[in-house]
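Below is one structure, written out as structure tokens; the observations come after it.
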Amino acid sequence: MGKRGFASDNNSGVHPAILKALSDANVGHAVGYGDDEWSARAINKFKEHFGNNIDVYFSFNGTGANILSLKTLSCSFNAILCADTAHINVDECGAPEKFTGSKLVPISTPDGKLTPELIKPHLHGFGFEHHSQPGMISITQVTELGTLYTIEEIKAITTLAHEHGMYVHLDGARIANAAAALNKSFKEFTVDAGIDVISFGGTKNGMMFGEAVIFFNPELSKFAKYYRKQSAQLYSKMRYISTQFLAYFEDDLWLKNATHANKMAGLLAEHIEQIPEIKITQKVQANGVFAIIPEELIPILQEEYFFYEWDENRSEVRWMTSFDTEEEDIVNFTKLIKQYFDK
Amino acid sequence: MGKRGFASDNNSGVHPAILKALSDANVGHAVGYGDDEWSARAINKFKEHFGNNIDVYFSFNGTGANILSLKTLSCSFNAILCADTAHINVDECGAPEKFTGSKLVPISTPDGKLTPELIKPHLHGFGFEHHSQPGMISITQVTELGTLYTIEEIKAITTLAHEHGMYVHLDGARIANAAAALNKSFKEFTVDAGIDVISFGGTKNGMMFGEAVIFFNPELSKFAKYYRKQSAQLYSKMRYISTQFLAYFEDDLWLKNATHANKMAGLLAEHIEQIPEIKITQKVQANGVFAIIPEELIPILQEEYFFYEWDENRSEVRWMTSFDTEEEDIVNFTKLIKQYFDK
Amino acid sequence: MGKRGFASDNNSGVHPAILKALSDANVGHAVGYGDDEWSARAINKFKEHFGNNIDVYFSFNGTGANILSLKTLSCSFNAILCADTAHINVDECGAPEKFTGSKLVPISTPDGKLTPELIKPHLHGFGFEHHSQPGMISITQVTELGTLYTIEEIKAITTLAHEHGMYVHLDGARIANAAAALNKSFKEFTVDAGIDVISFGGTKNGMMFGEAVIFFNPELSKFAKYYRKQSAQLYSKMRYISTQFLAYFEDDLWLKNATHANKMAGLLAEHIEQIPEIKITQKVQANGVFAIIPEELIPILQEEYFFYEWDENRSEVRWMTSFDTEEEDIVNFTKLIKQYFDK
Amino acid sequence: MGKRGFASDNNSGVHPAILKALSDANVGHAVGYGDDEWSARAINKFKEHFGNNIDVYFSFNGTGANILSLKTLSCSFNAILCADTAHINVDECGAPEKFTGSKLVPISTPDGKLTPELIKPHLHGFGFEHHSQPGMISITQVTELGTLYTIEEIKAITTLAHEHGMYVHLDGARIANAAAALNKSFKEFTVDAGIDVISFGGTKNGMMFGEAVIFFNPELSKFAKYYRKQSAQLYSKMRYISTQFLAYFEDDLWLKNATHANKMAGLLAEHIEQIPEIKITQKVQANGVFAIIPEELIPILQEEYFFYEWDENRSEVRWMTSFDTEEEDIVNFTKLIKQYFDK
């Protein structure tokens, strides 16, 4: 059994209910590629959460979901605007550029969140063929810095985008943590807020694998099935993703997991805030804590807990909590930190 | 529980040992993306089978494995030669062209197998910049028509390729069935036969998901890790692929499964051969049976068993067997067929 | 001054009227990228020939025109059907695959001409996401084998295509030779015959450089200007392409040049047909002659005249004539051949 | 005859010596695609300027030269660092991303010039497969803001790049203006300063069309010929580019043209500096002048002279001079400006 830690919510294992669902679906034959009963039911579950007018495509992973989202709603001559900290910009080895052929326009932000003010300077050159045409905006909710957009903030962005004939993608790798933190339904801060397509994450919140791309205007996604196949994201034994999503929605497992993870991050932040030598650098709004700590403390802590340095230049670290983080983890970890400063 | 059938070996479920392995790996935290103990052990298992001088990359699915194989060993100006029935040519919605930028050159064959004679007419234009440069040959073992290359046949192709500075990829979606049928080790008909890279399939032979790309000259694959990430095939919770491969190799599960599937196809062929009205169109050498049957019989059979028409123009069908095909399936299915002709 | 020959119609120089037009346009400043008076007038000239409902984009060369045509009317998951001898298939180093991301489906033909019968077997898998979706058919007029489609033959193909929701591209690198040979207007065998987009060639018929992509349904080409720029085919000093086209259409220079080239090929064929040892392999319908000649004769002729071997396996050569081929070239060349056989 | 102006150096026509060279080359037949005598001589001219150890590829235009340079020396998983004002970043409609598949990393600069300090924060993540691997740096000389790198500044960048295993591209659309302004040979600030590949521009300095990509390490460019063809930048009647370059180098036409253009910009700047209401925003080091002028003055001037607004937000304009700018143009233009302020 591996060392526990705060490296990433994908270092956690799989929730037992998910594992059971995999086992339950392991009966007999099923038609491949999504034409099975589990998949039909899973898509219905998504409709319960997002409304009936959606078009859903399961994918293996988050990068796969993102490139499918972006490719379906853009052309290669488009520019895709995003925060410079966006996963699509810094953590996907250029998969979006490779698969879409488009230019990514990274925008610097203080907190991982785009705003109309930050976006507007990039909304020019429309119709001017020398310039990649602004075509999409991609935001992440919860952001890569652990911060949250309010519904109003999202609406301000989608309104601006639509005024310019652009689409808005929401990278929801941690969308469950966002819903839990906002205490809102998925629908309220996505389709109702004007979002056109989301990557709906499962893997970081207790699933084994599997994400979903959800288009909110099926007119626009008629070719998505081909792009999914062409991007090698169509799973043959689809029932094993679908059954996970069924378990994920059953008894609000997604919400319990996310709420717990968020609570653990809050608890960690509470403990850390009591240590005057440490500066928390971003609002703790979901399941991540960003902090500047003494450089020499980092390897000391990493001996017992996994986590990543976020910005080496200023000794900033990132601590992620998960559905399986335990209070004891928090207590022991902060104890280690306090010991260092008490020396 | 779904209707049973002979549609595809990926309509089968997951072998219980695989499911158990997934459960066994579900303990505590593990570093993501392959830096975990299961992955290290799984790669060692591959080395036991293929020798130490290999470079292994797990992927989600077969198309992902194929495009990673091809991209790593080719440039966009290359041509990739394959049988016109190759999965990369007809079943991947153009993913190889999209990800590699290369031209696929489909070659017509009687049985899904390339030969030096079939390949040679396409080996021209070397150094002539107007022409896509022949750079790779891709063969499938077991072929998409259920036929097998002998080791000598493979060597003839790899020798020809290497004489022209080309690489050879082996699509091994059903490589276990090939090893079982040939009664040879994996190594003998791949690396020892001059193959440069293989897609090693697991999903069609009892795994839940997960394939492996194996390069036999690590000098050539130094960039493969970037291409895997860029193609959205890098799995975050990698231990859950690795643990499957560990179980797959344990007690030769892969061999038992493949041997059984092959045996079932042989049994099916035996029964079918006794029906004079049916013509088996390809040698039955692994786990697939291709046959021409009366057109009106097809829907009658499909009412009770899933399977696909292969070539509508001549009423040819494909029947695939799997690790979980039972003798009873064969008996009942052929009984249905006989009833039709006895009418 | 170089050796004369029959290698390609692009080995010829530039017609004096074209050169003069370049000089005439060299006055003062002009807005770049096509917003100049020459370009406006040149586009009007195209409208005189093809009707007003067209959308015209000039490009540098034929490959550029072809990839712009194909990209604008297809998606990366499409298949583009063409004769296996098509320039887009064998002479563009995979540029179409690279720029479109699509699969090219080469179809074997006896004479470089597609027919509904040859196309139909490839029109399957519509809606089936595993299969590259047949999206376009590309034909060449005059074909790469020097043969001609009749208007009826073109209509049969476009009708078939449109019935399947597909578009038809006509590669008109030698479209002037076709018009001259058919004795028809450009319009009659393109837009009136159901063609959706053409590459209109100028370089092989006396221009210095410059081709045009003409879309016959401007609704479909609204993004073409971006794709032209993104494919690096937008010329900054556009007036120097436009002025060439103006001269090309002036006094039917295009027609005179093409008629002459065709006549020269006819003359060459006449002479060759009198030599019983030589077999002409394709109908001589425009400005190319294909023939099988003794292998040892090839280098003897090449000492004095440039030309290419077409198919080494059967000692087949290609002789192209041009606007500047002279009767004396034909006479001297055939004299050389006759001398060989008279020995 | 068009309105004169300061819009772009490509609004100018073609130098008479270039036009004459085109005419002179228009004799008889020549082998296509560069195997002609003009091309051989033109490449030798480049060797006189850059040394013998170079590999030269002519292309149609600057975007074509840039994508060929970048593609040849990078892989799709690389990141290409450049100033955010770089032509490759803002004026090519995403052609670099589309053709290379790579990520462009735009870096904000005060004057269009990268420095080691600006670059260093982006040199991280080497070997980390989640991150596009920094692979190339592209600088422009003269920059898009009319400024110049000194030789030492270039060396600092190439040294840094090579320390990290990266290559440096120099976009030399205005390389002649740079050489003239620096009073240095091309060689001194390119190959001798550690540059790996350049786009050598001709069109903006009096040629009709034609640029050259020059690789300074032929080992690295062995595939460039295929990429040129695949990017549709291989010209069939190559002699007509080559003959232009011959004339361009003859009697240092390139230098005379560039020196004149630079001088005219200097003159314009001198006049403008005497107008206290106008602020020149960038050093005038070559043939461009950037200035902030009253917004209402812009359309007044544009009635008589073409030029572009550079930054609408602050009413900044760009005035480019060219080989054919006349002193009278400068005088009349500044007279117009002074009249405005004298009102």
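As written, the chain order gives the labels A, B, C and D, with residue 1 at the start of each chain.
What we mean here is this: contacts are C-beta pairs under 8 Å (C-beta built on N, C-alpha and C of every residue); 3 or more make two chains touch, one makes a residue touch a chain.
The structure presented is a predicted model; accordingly, all values stated were derived computationally and were not measured.
S.K.: With a step meaning a move to a chain it touches, how many steps does the shortest path from chain A to chain D take?
M.R.: So the least number of steps between the two chains is 1.
S.K.: Tell me which of C-D and B-C has more C-beta pairs in contact.
M.R.: Of the two interfaces, C-D and B-C, more C-beta pairs touch across C-D.
S.K.: Rounded to the nearest whole Å, what is the centre-to-centre distance of chain C and chain D, using the mean of the C-alpha atoms as each centre?
M.R.: 33
S.K.: Nearest whole angstrom, what separates the Cα centre of chain A from the Cα centre of chain C?
M.R.: Averaging C-alpha atoms per chain gives centres 50 Å apart.
S.K.: Please work out the Cα centroid separation of chain B and chain C, and write it as a whole number of Å.
M.R.: Centre-to-centre distance between chain B and chain C: 41 Å.
S.K.: For chain D, jot down the residues that touch at least 2 other chains.
M.R.: Where chain D meets two or more other chains at a single residue, that happens at 76-77, 92-94, 98, 101, 129-130, 133, 226, 229-230, 234.
S.K.: Within their complex, state which residues of chain C touch chain A.
M.R.: 33, 75-77, 101, 129-130, 133, 223, 225-230, 234
S.K.: Can you name the residues of chain A that touch chain D in the complex?
M.R.: Residues 76-79, 90-94, 97-98, 101-106, 121, 124, 129-133, 312-313.
S.K.: What residues on chain C touch chain D, complex-wise?
M.R.: 1-5, 7-8, 10-14, 16, 19, 22-23, 25-32, 36-37, 60-64, 67, 92-95, 98-99, 203-204, 208-209, 226, 229-237, 240, 306, 324
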